[in-house]
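Here the chain labels run A, B and C in written order, and each chain numbers its own residues starting at 1.
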Amino acid sequence: MATLDGKCPTNGPIEKRWEKHRFDMKLVNPANKRKYKVLMVGTGLAGASAAATMGELGYNVTCFCYQDSPRRAHSIAAQGGINAAKNYQNDGDSVYRLFYDTVKGGDYRSRESNVHRLAEISVNIIDQAAAQGVPFAREYGGLLANRSFGGAQVSRTFYARGQTGQQLLLGAYSALERQIDAGKVEMKTRHEMMELIVVDGRARGIVTRNLITGQVESHLGDCVVIATGGYGNVFYLSTNAMGCNGTAAWRSHRKGAFFANPCYTQIHPTCIPVKGNYQSKLTLMSESLRNDGRVWVPKSADDVAKAAGDIAEEDRDYYLERRYPAFGNLVPRDVASRAAKQVCDDGRGVGATGLGVYLDFADAIERLGKKAVSDRYGNLFDMYQHITDENPYEVPMRIFPAVHYTMGGLWVDYNLMSNLEGLFVLGEANFSDHGANRLGASALMQGLADGYFVAPYTVGNYLARVQPLSVTKDLDRDSAEVKEARREVKGRLKRLLEVDGKKTVDDFHRELGKLCWEHCGMARNESGLEKAIGEIAALREEFWDNVRVPGSNDSVNPELEKASRVSDFLELGELMCRDALERRESCGGHFREESATEEGEAKRDDENFAHVAAWEFTGENQVPIRHKEALEFEYVKLSQRSYK
Amino acid sequence: MATQTLSLPDTTIGKKVMMAVSGVVLFGFLIGHMAGNLQVFLGHKPYNEYAKFLHDNAALIWGARTVLLMSVAVHIVAAVQLIKANREARPVRYKMKKSIASTYASKTMKLSGPLILAYIIYHLAHFTFGVTAGLGYEHLPRDAEGLPDVYYNVVQSFQIPWLVALYAIAQVLLGLHLYHGAWSVLQSLGINHRRYNLQMRGAASAIALAIVAGFLAVPFGVLFGLVDPAG
Amino acid sequence: MKLTLNVWRQKNANSPGHFETYETPDDINPDMSFLEMLDVVNQNLILDGNEPITFDHDCREGICGACGMVVNGEPHGPQRAATTCQLHMRKFKDGDELWIEPWRAAGFPVLKDLMVDRTAFDRIVSAGGYISVRTGSAPDANEIPIGKETADRAMDAAACIGCGACVAACPNASAMLFTAAKVRHLNMLPQGRPEKDRRVMRMVAQMDAEGFGGCTNHLECEAACPKEISTDFIAEMNRDFVQAMVRSRQPVTKPG
């Protein structure tokens, strides 16, 4: 195990470090910028904002996404909002407070310098987005409105109805389209990155598959930026989009990039429960519902089959209020999710599958009136009714936790560059800022901070150090490494098509998801994880033996796309379990049953685990190497989180 | 390819604007014409005097005719271009397609328009040129006082039920065209205010209806004997 | 429940398509979404050695705008204000026969089966659907107050998910509702005013160049739109456009 260096600036007060660092970075001569080519993979908040900004700065950018339009990246689905330390509400917020809350919320498993930079930049993001025409909610006086989100004690969340992610993404997308019109960005939609091209330890290009023609193409440039989102779909069922995948990150990992903290996954407590085996994805409902809804299950397992209305008040267990009197229904996501799992494990879960708890608005309706409740949550209630065919004004909602976000990702330093030279990673795809648990409304913030305000400088700093390909011409599509990468991808696709087995890709994906959910979900333990590691390996073997992928490679073939993604998930899932196994402590979204207090609450082990685990790939079916990056806390005092 | 500057008539919106503007001119004519026609209820003399006033005013009548002809031309040319572009915009048709919001009127504009044109041609032949007199009615250019005897022409023609029916059908088609056309003008020209949209649309439909009712009053008035044939 | 599906199958953009008839398994659950029903049909097709039905989809929660097909003559099916992925089987009856077709428009060539090419929409946005603001050059967000009513209305327009159902529903295959939503969202905000004229001229010109039809005010688009975007925006765009063409001293060129 080697020690990794995050290259965080450590001199001077934390609030000056980013500024100082920015000053110290090299600039590319404006006349030379157009000689550089940046390969930007992903058009979510992170990718679109970075591509637009770098195009605007004068670099040539080629940008890729797997959807038919950059605007459909899954950032579009974020509902709740985006944090920024504007203190517009004058309620005592500040950059420092946002920094502090984020480090604490991440259960002290993130880098102070990174998080402080994020908090500083948060204010610029709102300015940028407002200037782009993002229709944030406003007060009657015309100023921006805020709300408090995810149990935060200040109102620092900006929002655009229930579609904040959509509006922010459309803002970034419009900036991107402007650069496309200006000829600075070339957009390649329906192109999936299948491989990273590394030459002499430097990331120099990627291999993509054209999802319409099936053509396998190589693209070369001076650096590669991965902004491909999270890998939550390893669980099969999640709140991610169907196409969300870990392929770009995983393929980079296989080419040498370290994968950090893969076991940190966030499970969101207020999702609509699973209905049946046919279910393809899970739908999140804003956690603002917990502001007025009360969570309960029957006290006795004998009552679960009864209609909610037939269970008397004294037979109900408002378990969050009971266990966490101070925070009640507003405990953080990981705590709420775990508590729901525990009552369901007790056999007290409700609904046909027994995997659900009630979220009851009867009290709120009585206290505030139906109108007020509908003003606040009308669209969420409608959505719920739409999906479940039940009227939440009359019967309590049923909710259950679902995989929502992955804090883990490719390891990057302070400059967002991975351990591979020239490979940058932004947004949810990197591991950088959220530690072991992400606070609500801070993923959008991080994606845009990375894309608009960090990467354009730090990538430039890297490019200033290297000679552009357009000048050196030391690489082309016929270079050995490039040919080899294309050959490898073609071979993999061919292999997938040739298995011609008896099970569909979805069958395997569902099984993988089940294994991960059971053993590496809301609660993890040693024997379960060991079992999962073995079973995932066996499943992977079976996959390559028995999967059926119809069609061919030379046309639109969604099954082939899925198969390739699932083949990578089958490897990533194992690493996730391995990381969970090695991290013998509970922190944030990672709960090890062996590391709990007497009351069953999570217990960190700062002595042994105040570090980032970054995994190095050592070969297929080989045990990877776990590297450590020590985390140091100069400003924030480590303490055990408590919501009692 | 040489670059070309965008001009209004090149665009689909521009074509709609031209149709709307020409449509408004035609609307204006129809209101005037309808009001003029209603004078038939005042009797022989006032009506023919009104006709004479118009006929004697060469500047007025030729001015109006020019504007009308140009409007009709613009309206039709734009309509034809738009219909063609719209047809090409969906080369493969749906096997099944439901209408949810469109109206019978909106869907039949391309039909009601040309039928109205056909009607106008017949109508000009009937009253203005008097060349269809052989079809069972007469055409008298002048009355006893030397006034153009439009009154006579109108009154004796509309004794004939089939002719009344023909006119009635034409007016219904016109009504359909105007019903969609009237509010369409507001939409196409962006005369629109969220608070008053409903009222404006209501008013537009009411005008369209009033025009049709006004026109229909004459043939039916004559047929049912509400107009004194002798005047 | 069990249904009969007549599905448009088309190999690629260059070959003609045709309908094929499939019987669903008889355990279709009313709680399934329409796309989940197609998933089930596809799983069986794969296991039987056939090619599954291709359709676009991603978020499956009505926000990405990827999904869309015409079900029994209605874009996104019979449920109002919903995308195809939000349509549930309980909207249908056991034994129903469905006709499932792709969006049909010259501006949206079919790529395969029910999947169409909607990049025309991106090109329309690229022509002017943005506010030119350099990263980092923005003033404080509260420096330009925007009345709540304006902000709300801008949001109404901005809610468009770019699905293309408006085009599919329009008897003229017109893209006016989409374009109007985009134009008006920005044109009504103070930040968007300086580029108002150029924006509307360029976007309309691009819309026409993509081969969409013109609007003749049928309002089908609004009825099919999953986000219930109002056709009022079309009227407002028409006004913006005419004003721009009349007053702008910087004419725009016609796209090729």
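What we mean here is this: contacts are C-beta pairs under 8 Å (C-beta built on N, C-alpha and C of every residue); 3 or more make two chains touch, one makes a residue touch a chain.
All values derive from a computational prediction rather than experimental measurement.
Chain contacts in this assembly form an open path, with each chain touching only its neighbours along a single line. Relative to subunit A, the most remote chain by averaged C-alpha coordinates is B. Nearest to the global CA centroid, when each chain is reduced to the mean of its CA atoms, is chain C.
Set side by side, the interfaces A-C and B-C show unequal numbers of C-beta pairs in contact, with more at A-C. Separating the CA-averaged centres of subunit A and subunit B is a span of 63 Å. Chain centres here are Cα means. That of subunit A falls 27 Å from that of subunit C. Note: centroid distance subunit B to subunit C, computed from Cα atoms, is 37 Å.
Residues 6, 8, 17, 19, 70, 72-74, 99, 101, 104-107, 169, 171-174, 176, 201, 204-205, 207-208, 211-220, 222-224, 231-232, 234-242, 245, 251-254, 256 of subunit C touch subunit B in their complex.
In the complex of the two chains, the subunit C residues touching subunit A come out as 11-12, 29, 31-33, 35-36, 39-40, 43, 45-47, 49-52, 54, 56-61, 63-66, 82, 86, 88, 90, 111-112, 115, 117-119, 121-122, 125-127, 129-142, 144-148, 151-152, 154-155, 158-159, 161-162, 185-186, 189, 191-192.
Interface of subunit B with subunit C (complex): residues 1, 3-8, 10-17, 82, 85-102, 106-107, 109, 180, 183-184, 186-192, 194, 197. On the subunit A side of its complex with subunit C, the touching residues are 49, 52-53, 56, 67-72, 74, 76-77, 86, 88, 124, 126-133, 135-144, 160-161, 163, 166-167, 170, 173-175, 177-178, 180-181, 187, 189, 212, 241-243, 275-276, 278-281, 283, 386-389, 452-453, 456, 502, 504, 506, 548, 550-551, 555-556, 558-559.
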